[in-house]
Structures are given as structure tokens and as C-alpha cells.
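Presented sequentially are two complexes of chain A, the first with chain B as partner and the second with chain C.
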Partner chain A sequence: MIKLIQLILIIPIFSAIICSGLSYFNQKVSKNLNIFFAFITLCISTFLIIEITHSDNLSFVFAGFLEPFGIKFLFSKENAFLVLLINLIGFLFSLFLFDFLTHNKHQAPYFYALSNLFLVANVGLVLSQDLFNIYVFIELGGICSYALLAFKGSSASFSALRYLLAGSVAATFFLLGIALFYALSGSLTLESNLSLIETNLSNFLVLSASLFCFTALLLKAGVFPLHFWLPVAYGATHPLVAILVASIATKIAIYLLVSCFGGVINVLLASKFIAFSIEAILSFTIIYALTRAYFEKGISYIVAYIIVAEIAYIMGGIVIGNPDSIFASSYHLIADSLITAFAFSLIYLISGKGRDVYVSDLKGVLSNSLIQFIFWVYLAACFIGLPLTPSFITKIYLIKGALISKHYLFLISLLVGSLIITALFFRILFYATKETTIRREATYSNYATRLGIYCLFVLIIIYSFIPSLIPLNIFIK
Partner chain B sequence: MEILSNSIFQILLLTILCSYLPFLLKQSTLLFKSLIILVPFIIFCLFFKQFFLQENLEILNLVKFLPGLEFAFKVDKFGKNFAFMVLFLWFFTSIYALGYLEKKHDEKQQRFFCFFTLSVFSTLGVAFASNLFTLYCFYEFLSLSTIPLVMHNGDKLAINGGRKYITYLLGTSILFALPSVIISLLNSNSLAFNSSGIFSLTTSSSLITLVAILSFFGYAKAAIFPFHGWLPGAMVAPTPVSAMLHAVAVVKVGIFSQYRIITGVIGIERFSELAFFGFELSYIFCLIASLAIIYASIVAIGADNFKRRLAFSTISKLNYMILAMYLVIPAGLFASQLELFTHALSKIVLFFVAGAIYAHVGLTKISDLKGIAYKMPITIFCFFICALSICGLPPGVGFYAKLFLVKAIFTKKYLILILPILFSAILSSYYLLDIVLKALSRVKEADKDQKISEAPILCLFPIVTLTIVCIFLFIYPSILFNFIK
Partner chain C sequence: MTLIFLLYCGASFLFMIGLAGVAFLDNFLKKIYALGFMQGAVILFFIILSYRDGGDLPIFDYALSEKVIPKMVNPIPHVLMLTAIVVGVALLALAISILNNVARKFQTLSEASVKAQILLDKKNIEGQLVND
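The block that comes next holds the complex of A and B.
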């Protein structure tokens, strides 16, 4: 089983090297091979998740490196879902890439390398039990995502630059935090440093180190008001890239933030004033981000602002802090990832050759493609939180949690947010039902892309049916 | 395996699978037509065999999401009767729709029948739902699956009508019905319908009142005033859609949902105790319904468009059902169910007639119908009989519904509510029989000798058959009473 876990990390690295190299000689084989590797990784993840439910958590040292510089990994019942999610998105991305690279052959090496390394970095972040490794994986994932986000050129390059700057600041903060931790505990393992946080957080140096790391991850996760890079980075980039990056990067950052530095949140929440301020900020974020989304014209920007609000939902669940709300956050972390991927894949489908997509581009979706219309309606239902969508479960538990813990401000923002997004839903629906005489631009979508979208659609529906299988608290490292 | 052998599952699965069948065949072929008629017939026979001949009252727990939140079905008396009515009328509407669409040379028949079947599937889902969550899901699915049907013509009028339809139905269900589901879920152990209600005795009355108010306005498919505007707007849909969905399935699903809220979610006894600012909640709802009855009857008189007049008539009669139901007494619930079945049977014929005239001679305005009775005598005669039924006059079966409604009002002693019923009865007699009189009036002497030319047989057959059923049930009302009791 340990070997299989190691394979999850090794196969994408191999895929990055082999497929990139091979694409110079034989495009067809490299494309198929990329899908094959992604599929194998997905199968292993699926197998492992079944296995881990019947056994204990698995901890192992990679390549024999021991403390304090050891590369230690932990595969648990909680993080197994995230590993599966990352590999699932990776596999679906390889399907989208199949059609895209048919028309962009020269981009193949670039995409194979960056996408696979991005996946490795994120799986590494989830499994890693070592602060320095986390830093390395943050950097690796960051570099890959900067390059991917800038791929479209022009405005996307500028947005990626903002992301790069934010990422660099975050990395610096994180490195400073690690240095302090190492100085304090003499170890880089998460275990020893987490116990240090738990026992000595009142110590100024421990608190400083924690806050450095905490702020870095807040920035990476795009939590308001440190979200400034997020709407422009995801809104301006190619929707194909957003399928991969937007659905994984921020979610994993939130996971790290809560699982590694949840203790900091608890300390902050001990003060009533700070706790109320955080709740107020999160409530404001939901209304602000959704209002911005409502007034945006570009669909990618709309989705990007919705992501900002969704992050606030997840963080809200953590801040409320009772079992119901924590389950809501755990469940929504995965749900939001799938929904984001679905949203960007639909945008990709109508983006032609990667041009910006506006709400007005949805005109005639109903008359042109009924299936696409159904997908858009379902996506909107997901954002609202209607029954048979995962967001419904999330909202039920968030409302329940907020009611139990008397977080009425957050509850009100949740309801107001739902109203705003309902209005947005009608706006989109009206455009989709409009008639249009404009002929649609040719897209890169073919069977593989459509298969990917259908898979995502079905997966989201299935996910909405299986909340009982999801761990009650996924934020355990 | 246990699930597969479940009758509810079989019927729901068969219906949803059959929705894809039209796409497998080329439209207008004999096989296509045969299939369109056979599918409802087979499903109806299967349903009849399983639930009427064998008295099968099964339960199906399909998916359990979380404690208290599950996808579950159950066949009870009202649900069974409701499903029977929908499947019975679906068969006739399919025959009619074939004739209508062929006559109109419609090229999107495959899509039409696909969504038509999906709508029936959703309606069955509502009928079989054993808890509020399942009911709500199918209620929403029905709204979504009927959007392409309302917008079927694809012109500006159809799109505007469709948008109005979406706004009203999805808007109210998201804003009112969904919060009521969530509040119910958070304040009860289970959402499963229960005759004494799902709330415990300790649940505060104000919370239950809130659920009742949200549910009342949330299930706007019942043309609840002031959210009734979608119904006249949706009349841009092809006539078979208006007939089946907007006179039978969709609007009756609204009524059915309201019925479930009273009897299964809140409970009759608890509901009659609810008050809002010192007034009985049921009385307030009855007054709102009365207001809608009067309003819709007045507007119907002024409507010259045939389907629009029928739409306002439907709003008026739906509010009869709401009024009867919110009397919150067994007699009222019985009258409401009686009105539901008789109205469906009679109103569908009126819509069929409107569509047959449009498809055959291209007339949509009532003022243009002068002399049409001499050209289409059977059609107009059937219209006359069913119009009498809607007005509550013999020999239409609707007579009994009005009789029991008045009786229920007397039982409850809300005597003031007799006035809108009387007022509406006079107005509906005027605006429906006015159509018959117009059809009988002659523009010129030559009309007297014009050749009889009825609508295609596929359109005429359902009109005549259902009219016969309407008269038959008037003569033998005990069949209907036993059916409901």
C-alpha cells in the first residue's frame, strides 16, 4: 500500500517528463499516454481510498530521509478524499487537454510538464508531514500555476504577475515562519511543531511564527481581504487553465491553513471582539463578492468572485466551529472544487479558441444545445444550493451550525448571498433563453472534452447523494 | 434487487427511460406515433395493475443523504389517485398531441415528447413522494422540465412567456418553499409526511405559522394570488402542453403540494390552531383565495383570446380548491379533491377544443368564433358539456364538486365565503357559455349550410371520450366518491 501511495507522487512526475519529451516526436502517443498516466493515478487513488477505510492511517518516510529534514508523508482516512479529488481533476484535465492540444501542438510539452507537476505539488501538500516539504510544494505548485495562468498572454500575463507577487510574498512569509519554528523546536516535522503551537502559542515567537505561516496561507487561499489576486487571476486566464488551477489551488491552501494552523484560529476566536470581527468580515465577503459577481459581465470573473464567496462559506464553517459547521466546510471543500471545475469547463466549451466569455455569449444556448442549457441550469442550482446539489447539504449544515452557535450575522449573510445568487441565476437563465442569430465560433471541444464535462456533471450529482461517506472533519493532518 | 422489484421504482424508471425513446425514432413515422400512444398506455396499465388491482401500497427508500433527509416514496390513497388521474389523462393528451402537432407540421416533436414524458415523470415523483424533501425536488424538476415545453414555439412570445414562467415558479419556490423545507428540516427529526404533522408538540406555533405562510406562497404552481401571473403567460405553449400541464399536471401539483403541507407536514389539527396577528391563518388563506377567485373571474370576462380566458378560468377554479382545502376540515379536503379531479377532466377538454379550433381553422380569438358550431358541431357540443361542468351545472361532473364545496363552507361556518363562490359561478357561466353562444351565432345566412369539418380524428377522439367520461361520472357519481374516499 505504501508503494502505491508513492506511485501517486511518482507517476505524474514521470508523466511530466515522458509526455513532454515524447510530444516533440509523436503527439498522438504523448496525448494518450498522458491520459493513461492520469487514469492510472486516479485508479490507484480510488483503490487506496477503499483500502484505507478498512485499515489504519499510513505514515512513511520517503526515500529514507529522516528527521529533521525527512520527507515524511501521512495517508489518512481524511486526506485520502483530497488526494482522490486532485487526481480526479487531473484526469479530467487530461481529457480536456486531449482536444485542446490537437489544435495547439506546440503547447504540448509546456502543458504536460506544468499540469503534472502542479498535481504532484498539491498531492504532496496534502500528504506532507514536514513544514519544509510543504514550503517546497507550495513553491512548486506556485511556479506551475503562475506559468499556466499566464499562458493566454496579454491581460492574463498581468494577472498572473499579481498572482506571482502575492505568491512570492506568501512564500517569503511561510519561509520566515518555518525558520522561526525550526529555531524554536529544532525540527521541521509538522507533528512536533503542531504540538508546539498547541502548548506554547502564548509565547511571542511561537505566535509570530504561526502568524507568518498563517498569513501566507491566507494569501494563498484568497481569503478576504487578501483575495485581490484571485478574481483577476482566474477571471483573465484561459478557462482550460482555470479548470485545473482554480479548482485545486485555493482549496488545498484552505486545507493547509485549517489543518496545520487551526490552533491560531482558536486563539483568535478566544477574544470576543476578534471573533465578531472575523464573522463580520466573512459575512461582508459573501455579500460583497456575490454582489460583484452579479455586476460582472465576464463569466470567468463571475465564477471567480463566487469562489471568493465560497471560500468565505468554508471559512465561516470553521469559525463557527461546531461539528455541523465543520462538516459543512469539509464537505464543501470538495464540492466547491468539483463545481468550480464544472463551471470553468462549461466556460471553456463556449470560449471558442480561448477568448473572453461574457454573459451575453450565453444567448441562444437553449436553442443551440439543450444539454448545455441543462448544464448551465444545474451549475446555477449548485451555486444557489438547491436540493440535489452538494451546496444544498453544505447550506443546511452551515445554517444548522450557525443557529446552534448563534452566529446570526453569518446566517443573514448566507441567506442574503443566496438571494443575490438567485438573481444572478435568473440573469444567466434569461440570456440562455434568448434567441441569437450569431453563429458560434468553432471550439476545440470534441469527444474527450464532452466526456470530461459529462463526467463532472455526473460526479457532482453523485457527490450530492453521498454526504454520509465524507469524513466529518477533513481538516486533520 | 429489492429496489428493482419495487413497483414505484419500476414505474418511475420506465417513465424516465421512455422519455428518451422519441429521440431513437424518426418523427411522423408510424412507429413513432405508435410508440407515443403505447408508452402512456403501457405505463398506465402497469400502474393500474400494481396499485388498483393488487392494492399495492409499497414504500421505497431510494437514497438516504443524511439523517432526516432522504429520497423516499410511498403510495397512499391521494397520491395513488393523483397519479391515476395524471396517467389516464396523459394517454389521451398524447393522442391529441400527435394529431395537433401533425396538423401544425411541427418539426420538434421528438424534443416535445421527451420533455412531455419527463414532466409526467416529475408529476409522478410528486405524487409518490413520501417526504417534503422528495416532493420539493420533484416539484422543482417539474418546473425545469416544462420550460422547454412552454418555449416550444421558439418565437418572441414563447420566450417571454417562458421567462415569466421561470421567474414566477422558480422564484417563489426558491424564495419561499426552499426556506420552508430548510426550516422544517432543522426543526423536526424527519421530513416524512405524518398525519399529525412532522413537528413535535414543543415546536413553537410562530415557527409553524412561518412554515405555513412560506409554503402557501412557495408552491405557486397552484396559481396562488398574487403569484398567478405565470399561468396566462404560459399559455403561449402548444395546446397539448396547456391542456395537460397547465390544466392538469403543473397546477394540480401545486394543489397537491399544498395538500401535503396541510395534512402531512403541519397536520390538520395543528393547522387549524395557527393564527397570524390574531386571525386564524386558515381564514386568511381562504380570503386570499376568495380574492383570487373574484379577480380571475372578472379578468376572464375581458379576455378575448380563447386560451387566455381559459387560463383565468383555471386560476379561479384552482382557488376554489385552495379555499376548500384551507377550511382545514375533512369535508373541505374532500371537496378540494373532488374539484381537483373534476376540474382536470373538464378543463382538459376545454383546452383540447381551443387547440382543435386553432389547429383546424386557425382561430384564437373568441370574437372570431361566430358560426364555428356549424362547422365543428361535435367539438362545440363537447365544449358545452364540459363548460357546464366547470360552472358547476348539470350534466357536468363538476356540479358535485361545487355542491360539496358549499356544504364544507357551511360546515366551517365561514358564510362570507359563499359570496365569492356565487359571484364566480355567475361570472364563469357567463364567460364560458358566452363562447358557446358565439359559436352558435351566425355571421351570415350562408353559415347555416356550411359543410361539417371536424378536427383530425386524433384530436377529436380524446375530446369526445373525456366528455363521455364527464357525463358518465355525473350519472354515476358514487364511482368518483368511492375513488376519493
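The block that comes next holds the complex of A and C.
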């Protein structure tokens, strides 16, 4: 069982090396191998989740070195679903890549290496129990995402460079926080430093160390006002890259933020003035992001601004702090990841060879294809929060939590935000159902891409019906 | 003021210069240099943490009596910072390669100029969409 956890980390690294090397000699074999390795990793994650429901947490230390010298990886009931989510998105991405690389053979080594290492970095972030190891995985995931986001060139390179600078500053802040924690506790293990945070947060140095790490993760998560890199990075990049990066990166950062440095949130919320200010900022974020999305013309930019609002929903649920809102945040963390991947996969389907997709490009697409119409309507329903979508459950629990805890400002912003996004998608779908005589560019939609999109669609529907399966305690710490 | 205190001040000052450079400079290449300053400052901070006054190299000598354990500098931060340096070099290489793409496309290293060009292109495209 312990060896299986190691395999979750080793198989994608193996895949990155083997597939990128093999792609120079035999494209077909490398494409199939990439999907095979991704599928194996997904199966192992699923098997481990089934195992962990019957047993205690699983942990191992690399090379047998015990803590504090060794690095421990912990597979627990809290992070199991996140590991599954990352591997699921990775598998679906490998399906999309299958068709894409048929027409872009020279890009194959680049994509195999970067995408697999990105997945390893995020799985490692979730499993690792060592602060410096978490820093290394942050940097590894960051480097892979900067390179992937810059792939399209032109304005995507510019936004990736800005993200690189911001992300590197965040990582440096995190490293400084680690330095202070090491100076205070003499250890790099998460357990000893978390107990330091819990018992000594009033100590100036402990608080400084926590705030450095907390700020770093706020920037990585794209929480307002440190979200400035997010809309342009995800809006300007190739939609295929956004399927992978946009659906995973910020969610894992939020998980780390809350599970490792939730003590800082408790300290901040202890002051009524600061608690109200945070609520006001999150409420403002929702209205601001959705209003910006309404006035954008590029669909990727619209989805990117919606992601900023979704992050505010998740953080809002944490800040409200009662069981219903925390459940909503845990549930929405995974739901938003799936919905984001679905949104960018639909954009990828229309984008042809990765060009920018505007609302006007949807003209005729939906009136000519019933399946695409259903998908776009369901996507709109997901973002609005209509019944039979995961967002409906999220919003119900958030509204319930806000009402119980009397966070009326957040409640109003939730409702106004829903109205704005309804107006936005009415505009998009109304435009998209008009007829057109314009011939569309061929897309890379072969059976693998379509299989990926159908899988995402079915998974989101299934997820909306089984909220009780998700552990309430992703954010329990 | 001890030497250690001055070294900590120096590292903090270097960090602040780097942070100000990344935040306020317009030239991308200079921003990348400033990022290097920040990373160097944190690495220096770690090394200063490991220093012990009068400490020797962290190599245990079996010739000495077992009861006498000499004072040594802490080797762990040095080891950690080797990793951080390698990561920093990889990041720098990636940053410069992306900057190369940006410079070729926009013929400038200035962030403000690139932003202005992108906004202009976006306005032109969106203007055409309205006309269509």
C-alpha cells in the first residue's frame, strides 16, 4: 500500500522522461504510453481512496530516513480526493493531448515533460509533510506552469512572464517564512511548525513567519488583491494549457493556505474589524470579477475572471467559518476544478488552432450542433448555480452558512453575483444561437478529445448528486 | 551591534532592494535581476542562520575523544540552499527564454510599452468584432 503512494509520484516522472524521449522516434507509441501512464496513476489514486476509507492514514518516508531528517508523505482522508482530482485532470488532459499532438508533433516532448512534472508537483504539494519539500514542489509546479502558459507566444508570453515574476516573489516569500520557522523550531516538518503556529501565534516571529508563507500562498491562489496575474495568464494562454493549469494550480494553493496556515486566518478573524474587512474585500471581489467578466469579449478572459470570483466564494466559505460554509468551500474546491476544466475544454473545441475565441465566434456554433448547445447551456447553469449542478449545492450551503452567521454582505454579493453571471450567459447564449454563414476553422476534435469532454460532463453531473461522499474535513484543521 | 546583526540587516536590505526592483522597475531584464537579488538575500539569510560563533566545519573527527563534541556550523541550511540555488538558476533560464520571445515579438523590454501594444491590438480586434 505504501509503495502505491510512491508510484503516484514516480509514474508521472517516468512518463515525462520516457514519453518525451520516445516522441522523437515514434509519436504513436509515446501518445499511447502517456495516456496509459496517466490511467494507471488514476487507478492507483482511486484504489488508495477505497483503501483509506477502511483504514488509517497512510504515510511513508523516502529512503527510510525518519523525521526530522527524512521527508514524510501523508495520504490522508483530507487530501485523498485532491490527489484523485489532480490525477483525473491529468488523465483527461492526456486525452486532449492525443489529438492536439497529431497536428503539432514537434511540441510533443515539451508537453509530455511539462504536463507530467506539473502533475507530480501538485500531488507532491498535497502529500508532502516537509516545508522545504513543499517549497521545491511550489517552484517545480510554478516553472512548469510558466512554461506551459507561455507556449502560445505573443501576449501569452507577456502574461506568463508577469506570472513568473509574481510567482517567484511568492516562492521567495515562502522560503523566507521557512527560514524563520527553521530558526524558531529547528525543524522543517509540517507537524512541528503547525503546532508552533497553534500554540505561539502571538509571538511576533511566529506570526511573521506565518504571514510570509500565508501571503505567498494568497498570491499563488489568486485571492484578491493578489489576483492581478490570473485573468491575463489564463485568458491569453492556449485553451488546452488552461484545461490543465487553470483547473489545478489555484485550488491546490487554496488547500495549502487553509490546511497549513488556517491558524493565521483564525487570528485575523479574531478581530471584528479585520473580519468585516475581509468579508467586504471578498464580497467586492465577487462583484468586481463578475462585472469585469460581463464586459470582456474574449471567452477565455470571461472564464478567467469567473475563476477569480469562484476563489472568492471558496475563501468566503472559510471566513464565514460555520460547518455549512466550510462544507461548501470543500465541495466547491473540487467542483470548480472540474467546471473550469470543462469550460476551457469547450473553448478549446471552438478555438481551432488555439486562436483567441470571442463571444462573436460562438455565432452559429451552437445552432449547428445540439451536443455543443447542451454543453454550453450546462456550463452556464454550472456557473450560475442552477439545480442539477454542483454550484447549486455550493450556493445553497454558502447562503445557509451566511444566514446563520449573519454575514449579510457576503450573502448579498453572492446573490448579486449570480444575477450578473446570469445576464452574462444569457448574452452569450443568445448570441451563440444566431445563424451564420461563416465557415469555421477545423478543430482538433477527434474521438479522444470528445471522450475527454464527455467524461468531464458526466463527472460534473455525477458530482452534483453525491455531495455526501466528499469528506467535510478537507479544511478541518 | 554584532557582526551577525549587521549581516541580517544586509540580507534584509538586499531583499528589500530586490522586492522594490521587481515591483517598480519597468525593464523586464532588470526585474529578473532584482528577482535574483531577492533569492540571493534569502539564501544569505539561511546561511547566516546556520552560523555558530567559533563553530568549526561540520565534519566529525573520529580521532577526537568521544566525550568532546566540537562546536560546528549547522550544515542543513547549506544543503537546502544548494537546492534553492539550482531552482533559482532554472527559473532564471526560463525567465530569460520567455523574455526573449517577448522581446522578439514586441521589440522592447519595457513592460509599459508591451502592455500598451497588447491593449492596442485588443482594442483593434474588439473594434472589428463590433463592426462585424
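Everything below uses one rule, namely that the second predicted complex is superposed on the first by the 471 of 477 C-alpha atoms of A that agree within 3 Å, B and C clash if a C-alpha of one lies under 4 Å from a C-alpha of the other, contacts with A are read in each partner's own complex, and residues count from 1 in each chain.
Following the convention adopted for this analysis, a residue touches a chain if its C-beta (ideal position, glycine included) is under 8 Å from a C-beta of that chain, and two chains touch if they have at least 3 such contacts.
Only a predicted model underlies this, so the values are computations on that prediction, with no experimental measurement involved.
Once the two complexes are laid over each other on the shared chain, residue contacts for A:Y110 go to neither chain B nor chain C. Residue contacts after overlaying the shared chain place A:I393 against chain B, while chain C stays out of touching range. When the two complexes are overlaid on their common chain A, residue A:L419 makes contact with chain B while staying clear of chain C.
In the overlay built on the shared chain, the residue A:F158 is in contact with chain C alone; chain B does not reach it. After overlaying the two complexes on the shared chain, residue contacts for A:F60 are found with neither chain B nor chain C. By the document's definition of touching, neither partner reaches A:F39: not chain B, not chain C. By the touch criterion defined above, A:Y294 reaches neither chain B nor chain C. On chain A, the surface touched by chain B in one complex and the surface touched by chain C in the other have no residue in common. Residues 132, 135-136, 139-140, 142-143, 146-147, 150, 153-155, 157-158, 160-162, 164-165, 168-169, 172, 175-176, 179, 182-183, 188, 297, 356, 358, 360 of chain A are the ones that touch chain C when the two sit in their complex.
Of all residues in chain B, those touching chain A in their complex are 63-66, 69, 111, 133, 136-137, 140, 144, 147-148, 151, 154, 156, 159, 162-163, 166-167, 170-171, 174-175, 178-179, 181-182, 185-186.
Chain A meets chain B in the complex at residues 366-367, 370, 377, 384, 386-388, 393, 395-396, 399-400, 403, 415, 418-419, 422, 426, 429-430, 433-435, 464-465, 467-468. The touching residues of chain C, when paired with chain A in their complex, are 15, 19, 22, 28, 31-32, 35, 38-39, 42, 45-46, 49, 77, 80, 83-84, 87, 90-91, 94-95, 98-99, 101-102, 105-106, 111, 114-115, 118, 121, 125-126, 129, 132.
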